[in-house]
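In this document, chain identifiers A, B, C, D and E correspond to the written order of the chains, with residue numbering beginning at 1 in each.
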Amino acid sequence: MLELKSVDAGYGTFQALFGVSLDVKAGEAVGVIGPNGAGKTTLMRVISGLIRPRAGTITMEGADVLKTPEHRIVSLGIAHVPENRRLFPRLTVEDNLKMGAFMPEARAHFAERLDFVFDLFPRMKERRHQMAGTMSGGEQQMCAIGRALMSDPKLLLLDEPSAGLAPVVVQQVFELVKRIRAGGLTVLIVEQNVQQVLKVVDRAYLLEAGSIRASGKSSEMLADDSIRQAYLGV
Amino acid sequence: MLEVEGLVKRFGGFTAVNQVSFKVDRGEILGLIGPNGSGKSTIFNMLSGTFQPSAGSIKFAGAEISGLAPHRIINRGIGRTFQIPRPFHRLTMFENVALAGYFGQGKHSRVKAEEAAERALGMVGLPTDRTAAVDGLGAAGLKKLELAKALATGPKLLLADESLGGLDETEMDQAADMLRKIRDELGITIIWVEHIMGVLMRVVDRVMVLDHGEKISEGLPSEVSNDPRVIEVYLGTDADATQAAAAEARR
Amino acid sequence: MTDIFDIYLLEAMVNGILLGGVLALLALGLNLIFGVIDVTWICYAELVMIGMYGMYYLVQVFGLPYYVAAPFTILLVAGLGALLHWLVIAPLLSAPPINQLLATGGVLFVLQSFATVAFGIDFRNLGIRMPVLKFADMHFSYSRLLAFAAALIGMLLVYFFMKRTYIGTAIRAISQDRQIMALMGVDTKRIYLNTSALGGALAGLASCLLVLQYDIHPFVGLSFGPITFLICVLGGLGNFVGGFVAAFVFAEIISLGGLFSDLEWGYVLAFAFFIVMMFIRPAGLLARRS
Amino acid sequence: MRQSLPWIAGAALIALPFVYREPYHLHILILILIWSFAYTSWSMMGRFGLVSLGHGGFMGVGAYVTALLWNHLGVSPWIGIPIAMLAAAVLAVIVAYPCFRFRITGHYFVLVTLALSGIVLQVITATRDYTGGSLGYTPDRTKGNHLWALQFDDKLTWYLIALGVWAVGLLIWNWVDRSMDRYALEAISEDEDAAAAAGVNVTWEKLKITIISALMTSLSGALYCQYQMFISPDTVSGISVSLQMVFAVIVGGLYVSLGPTVGAVITILLAEILRIGFGTKAVGWDNLVYGVLLVVFIIFLPKGILGSIIDRLKTLRKA
Amino acid sequence: QEKKIKIGVIYDLTGPLAGGGSELQYTGAKIMLDSYAKKEVEGYKIEAVYADAQSKPDVAINEAVRLIEQEKVDMLLGFFSSAQCVPVAARVEQLKKFMWITTCISSAVLENKNFKYIFRPQASGDQFGMIAMDFIEKNSKAKFGKEPKDLRVAIIHEDGAYGVDVAKGNVAGAKKAGFNVVMKEGYSATAPDLSALVTKLKRARPDVIFHTGYNPDITLLLRQAREQGLKFGALVGHGAGYGVYEKLKEGLGGDVNHFFNVDPISIWLANQKTMDPKLPPVIKMVGEEFDKAKPGIAIRSAHVGMAASNTYVFLTEVLPRAIKKYGGVDPEALRKASMEVDLPEGGTMLGFGVKFHGEGTPMAGQNERSFPVVIQYVDDKSYVVWPKSQAQREAVLPLPAGTTYSDK
C-alpha cells in the first residue's frame, strides 16, 4: 500500500533521514521504534507531505505521493495524527472534527463519520462544544485521533499516540489501534512505548540516527536481544 | 509541610477539582496519578499560583499561600515544572536556569544565581557552559532543563508534572533516579505527576489518585495499585504497575 | 438641564446608531482579517480609500450608474486584498506578527502616496445626493440607512459563513496551526488568498457606501483606520456580533459626547471607554466570562 | 581596540561641530539625535515584544506639559521637564498596570496603547484654549536668562545637549541589556506563565521597563519642544508619531543598541533626500519610495539594517 | 559674480492643505516668479527654489531652515497655513532672514511679536471675521427684519490657527454689532463625523452661520447639515475651503448657491477702473498662464490671484527699491525697502493698497491697507457684495425660500 524507497530528508542544512526504505501492506499494522531524535517524526512528516524529501520515492497505492500537492495527500487516504496532537485550540471539539472532514470527498459523509468517532470516544460527544485547547492531554489525544478518522482514511499515521496518557487510556489507545485494524484500516505507528506497541503491530522497523537498523515481525523484534537491551530496559 | 484543605477549581460551570484535601510531609515523594483530565495539572497550577483556587486553603510551611501571586509562591519555596516544557528560546540554556536562580530565590544576587544555575545544571546532567543554546536540546534535554529551572529556584517542595513523557526507556530510568537523588541529596519534597506507572511506583513513597477532580484513593503504592477503583478508572491491567507494587511490597 | 433632554438628544442618538452602521461596516472586513486569520492590515482603511477612488472614476469619469460601478469596485478591492496578501503578507507569515503590522504600515504609505500621485490631492466627490427621511423634527439620510442595512446583512452573512461552512471553519483554524492545515486537506495558500479577497471585498463594499457620505482624498483613511481597529478589539477579535455591537457603542459615545461638549471629547470618551473596557472585559464586549 | 572604540567615536562626535559648522547639516544632526533618543526609548520596550503605539502620547505629554508650564505658570523647563516626565510615567502606569495585571498582550496591548495616543492627541486638540489645539503651540521666547529657559539660539549648544542625552539613552539601553531584568523580560516575552514559575514578578518587571521607557520618551518630547520651539499635536503626539517610532526602530534594528539610532539616521536622511531630490517636481513620490523601501526592508531584512549587518559579520567571522 | 536674488518658496503640494488651496497659491506665485525669471530686476536675476511643506508644520520649519541655511536663499516667500506661518516666522526672525507672507492670515503670526523682517501684504484674520459681521450687521434690519441684537448668529470654525483667528475676528465683530451669539465652537478639520455639531446647530437655531473651514470638513458639515435638516438664513464662509468654488460645487451641488465667502478679492473680480492702469495686463497674463496650467476651470480661483498679486508687489515695489536704494538684497535692505512701500487703494491687483505697520506697533509687519471683501456665489458666478465701494451687485439675502437650507 505505502512504499518508501531510499528517502533522504532533513531541515535546512541538517539531515534527519538517510536512505530510509520501508513498506506497509494493506491491512497491516506496522510500528516504527527508536530513541529520541532518531527521525521518527520526520519520517511521518515526509509521508504525509508536511516536509518534502530531498531524495527517494514515496508511493501510496501506486500513486506518487511526491507529485501530489501537499493538501491533496489526504485524499490519497493518508491521515496523520501529529506528535503533540496539534489540535486547533480555539475551535470547539466539533469544529476540530469538522476540519478533519474538510476534503470535499469527506464532507458528504460528515454525519456518519461523526457518529463513528463519537461512538469510539463518548467523551468527545460530551465535550463537543468545549474549546479543544482547554481539554486535558488525554482528551486532546482522543480528539486528534478522532479528527484523523473523520477523513475515512485507508492509512492512519500515528505519532506517539500514547504519550502522556493514563495507563488505561494507553491500553485503550492500543485496543483502539487493534480495532481500527480490524476495521480494515492500515496503521503505521511510531511509539516510545516499545513493549506495548510491539504487541499490537505485525511488523516493526527500528530507526536509529535516521537510518533503518533493523526490521521484522514484532515477535522477532521482541525476542531480539539487542533491542531488548536498548529499548525494553531489560 | 504542605496542607491542602477542600481545594476546588471551577471553569465556568465545570468543576475540574472538587474538594481535594491532602498533606505532604517533609522529604516525601508523593505520586499524583489519575486519568487524563482528572485535575492533576490544575492542582499544580493552583499550588504554584498560576490559577486562583475557587475555594479551599493551601498551607505551606504553616502559612496560607492560596491566592498569592506565582512569583511569591516560588519565592517561598515551591518550584514547578510544566507538563509540556516551556524553555525560553531567546536565552541560552545557562541563562534560562540563572534567571530562575536570580528571581526564584527572591535574593536577587547575580553571583548566587549563577552558582545555583551551575549546581542545578550539574544535578540534572546538562552542560554548564554559558553559550549552549536551548534549540539543540531534544525531548529528554528539555525535560531536564525544565527540572533544572525548577531546582535553581531553590525549592523546598518540587512539583514535577510528567517529567518522563516522551522519553525512551533508558532515559526514563535516569530521570527517575534523578528525582530520587534530588530528594535524597537536597532534601527536597516532591509531588510527582506521571502516567508511566512502572517507573513512578518504584520511586514514590505514597500515591494519591484523582478521578473527575476528586480524590478516590491514597496510600502506599502497593495498596493503591490493588485498589479496585483505581484499577478500574486508571491502571487497567497494567502489568508494570502491579509488578512494581509487588516489588515495593517485598522491600 | 431641561433643554438637554429634547428631540435633539434623540436625534443625536439615532445619528449615533447610523454612524455605528458605517463603523460596523468598516469593522466587518477588518475583523475577518485581523480577528480571524490573525493577520494585520494596518492599511485596511487605505484599501477603502482606493475603493472610493474606484467608485469615483467609474461613476464620474466613465459614467457608469452607481449600482453597476459598485460590484466592479468590490471586485477591484477584493483583488487588491489578494494582491496585498500575496506580495506582503505571504512572505511574512512566519515572521513575528509585528512585522506584518509594520509592512502593511509601509503599504499604508504607499497607498496614500500612490493616490496622491495618481489622483492628485484634490478632494473628489461622487456628486450623488441621496434623499433624506424626515420623521418629526428629525432627519435621517438614506446613505446612512443604507450603510446600516449593509453592515447588518453583511455581518449576518459573514457570521453564518464562518460558523456553518467548511471554508469558514478552515479560516478560523488557519491562524491557530498553519503547518498542519495540509493534513486536513486544506490548501493554505488558497484559504489565505480567498480570505484576503473576501476581506478586500468587504472593504470594497464599505467604500461603495462611504463615497455616498464622504469626500474622497488620499488621507481619508486616517479618519477611520484607528477607530475601526479599536472597534474590532472592543467587540472581541473575530467576534462579528461583538464588533457590530461595539461599533454602535462607540458611535453613541462619539455622538452623545460631541453633543454635550466639544466634538473631540466624544472621541476622548470613546477612547477612554475602550481602555476601561479592555480591563473589565479583555476578551471583548460580548465574551462569556470564563 | 574594541574597548576604546566607543570612546574614540564619542570624542569624534563631540569634536564634530567645532570642525564642521554647516548649520543646516547640524540642524539635521540635532534632530537625528533627538529622534534617536526617542526611538531608543521606544525600543527599550519594543525589543521585549511590548509593542506600544502609545509612545506618541508620552512624547506629547513631555512636550506639552513642559511648554504649558512655561507659558502659563512661568515654570522653568528645568523643573517643568521633570514634572512632565513624572506625568508621563503616571500616565504609563495608569494604562500599563491594568494591562499587565490582566494579561493584555500582543495585538490587544498594541491597540490599548494606540487608544492611549489617540486620547492624548484628542485631549490636546480639545483643550485648544490652553494648548492651541491642532494649530500647534510655541513656548514663549525668554527675555531673560537663556539657560534658565533652556532656550539657546546657537546650534552648537543644542548639538551637545542632544548628544549627551542620546548617549545617556544608549547607556540606559546597555545597562538594561546587561542586567538580569533583560533575562526576565526576554522570558516574559516568550511565556509569561513560565517566567512567573521561575519566580519573576511579571507585572512589576513589565511595569518597570514601561516606566523607564515612558520617562525617556517624554524627555525626548520636551527636548524636541525646546529645540524646535514649536510643537503641534501631529508632530509630537498621536498615532502617526508612534508608528514613526516603530518604523524607524525596525528599519535600524530592534535588538541592537545602536539600531534605533541607525533607524533615525536612515529614516530622516531618506525623507530629507527624497524630499529634496524629488521635491516639488514629483509630488508625492517621496512617500511612495519611502513606503516601498519600508515594506522591502521588513520582508527582506527583518532584523533591521544594523542587525543584519552584525549577523553578516558574525557569520563571516565564523567562516 | 552674477547678481541674483534667490527666493525660497514654500507651499503645500501634498497633504490635505494642498487641496484646500495651497497648491493654487503655489501656482499663482510660480506664474509670477516665472514671468520675472526671464527678465532681470535692476540687474538681478530672480531664482526661485520651491519646497513642499507637505501640509505639516514641522516639515515647513525644516524646509525653511534648509532653504535658508543650505540653499542659502536670500528670503522666503509663501506659506498657506497659519499653523506653519506662526512657527516659521519665529524661526526666520531668529535667523534674521527676510520673509514675505503671501497667504496665511492669522493675526497670531505678527501680533505682539515685534518682528523686524516678516512682512505680510495680505489681510489679517481679524479683518476677515470683522468684515463678515459688518456686512451682516448692515443688512440685518433690511434683509432679516431684525434688530442686530435679535439676530441669532453661530460661529463655527476649524481649530487651526486660521479658523481660530477668523473666529476671534468674528467674535469681536459680533460684539461690536451686538448680535446674539447662540453658539461658538471649534472642531478639528480631520474629524470623520460632524453630525453632533449639526445637531447642536439645529438646537441653537441661528439666523446666520459664520463658518471657517478647509475643504473636506466644509463638505462634510454641509452634507450632514442637509441630511439632518439644518435650516438657516445665510451662511458666510471665510476663505480657505470656501474660496475653492469648484470643490464646493462638486461636493454640494446646487446647495452652494447664495453662500457668501470672505476673501481677498479675486483679481479677476476686482474693480479694474479704480486700479492702477499697469495692473490689468498683468491680471490678464496671470489668467492666461493659469488656464494653461489648469485648463477647464469655471471660476478662476481667488487663491491664484492672491499669491500672484502679493508676489508681484514684492517684485515691483520692494525688490527694486532694495537694490537701488539700499544696495542689495540682504534682509536689512529688503526690510527698509518694505517699510517704504506706500501704495494707495487700487495700487494692487487685489484692490487694496499697501503700507506696513511700523516697528513698535502691535501688528508690526502687517499691511494696514489690506481688506478682504465679501463675495456671493450666485448661479455659478461670484459677485462682490461688500464693501459697498467694491460691490458688483446687491446681496441675495436671506436664502431664497425653497432652497435646501432655507429656513423660510
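A few remarks follow.
The definition used in the following text is that contacts are C-beta pairs under 8 Å (C-beta built on N, C-alpha and C of every residue); 3 or more make two chains touch, one makes a residue touch a chain.
Just so we're on the same page, UniProt names per chain: A, B = ABC transporter ATP-binding protein; C, D = Branched-chain amino acid ABC transporter permease.
Model, not experiment: these values are computed from the prediction.
Between chain A and chain D, the least number of touch steps comes to 2.
Steps from chain B to chain E, taking the shortest chain of touch contacts, total 2.
Each of C-D and A-B has its own count of C-beta contacts, and the greater count is at C-D.
Farthest from chain B, judged by the mean position of CA atoms in each chain, is E.
The geometric centre of chain D is 37 Å away from that of chain E, both derived from CA atoms.
Centroids built from CA atoms put chain C at 43 Å from chain A.
If each chain is reduced to the centroid of its CA atoms, chain B and chain C end up 49 Å from each other.
For chain B, residues touching at least two other chains, in rising order: 11. Shown for chain A are the residues in touch with two or more other chains, of which there are none.
Under the contact definition stated at the top, the residues of chain E that touch 2 or more other chains are 13-14, 18, 186, 188, 190. Listed in rising order, the residues of chain C touching chain D in the complex are 34, 40, 42, 88, 91-92, 95-99, 101-103, 105-114, 116-117, 121, 226, 229-230, 233, 237, 261-265, 267-268, 271-272, 274-275, 278-279, 282.
Chain A contributes residues 35-37, 84, 134-139, 141, 160, 163-172, 192, 194, 230-233 to its touches with chain B in the complex.
Interface residues of chain C facing chain A in the complex, by the touch rule stated above, are 166, 169-170, 172-173, 176-177, 179-188. By the touch criterion given at the top, residues 49, 51, 95, 98-99, 102-104, 106-108, 110-112, 114-116, 118-119, 122-123, 125-126, 239, 243, 246-247, 250, 282-288, 290-295, 297-299, 302 of chain D touch chain C in their complex. Residues 48-50, 69-75, 79-80, 82, 86-91, 95-96, 98-103, 106-107, 147-148, 151 of chain A are the ones touching chain C in the complex.
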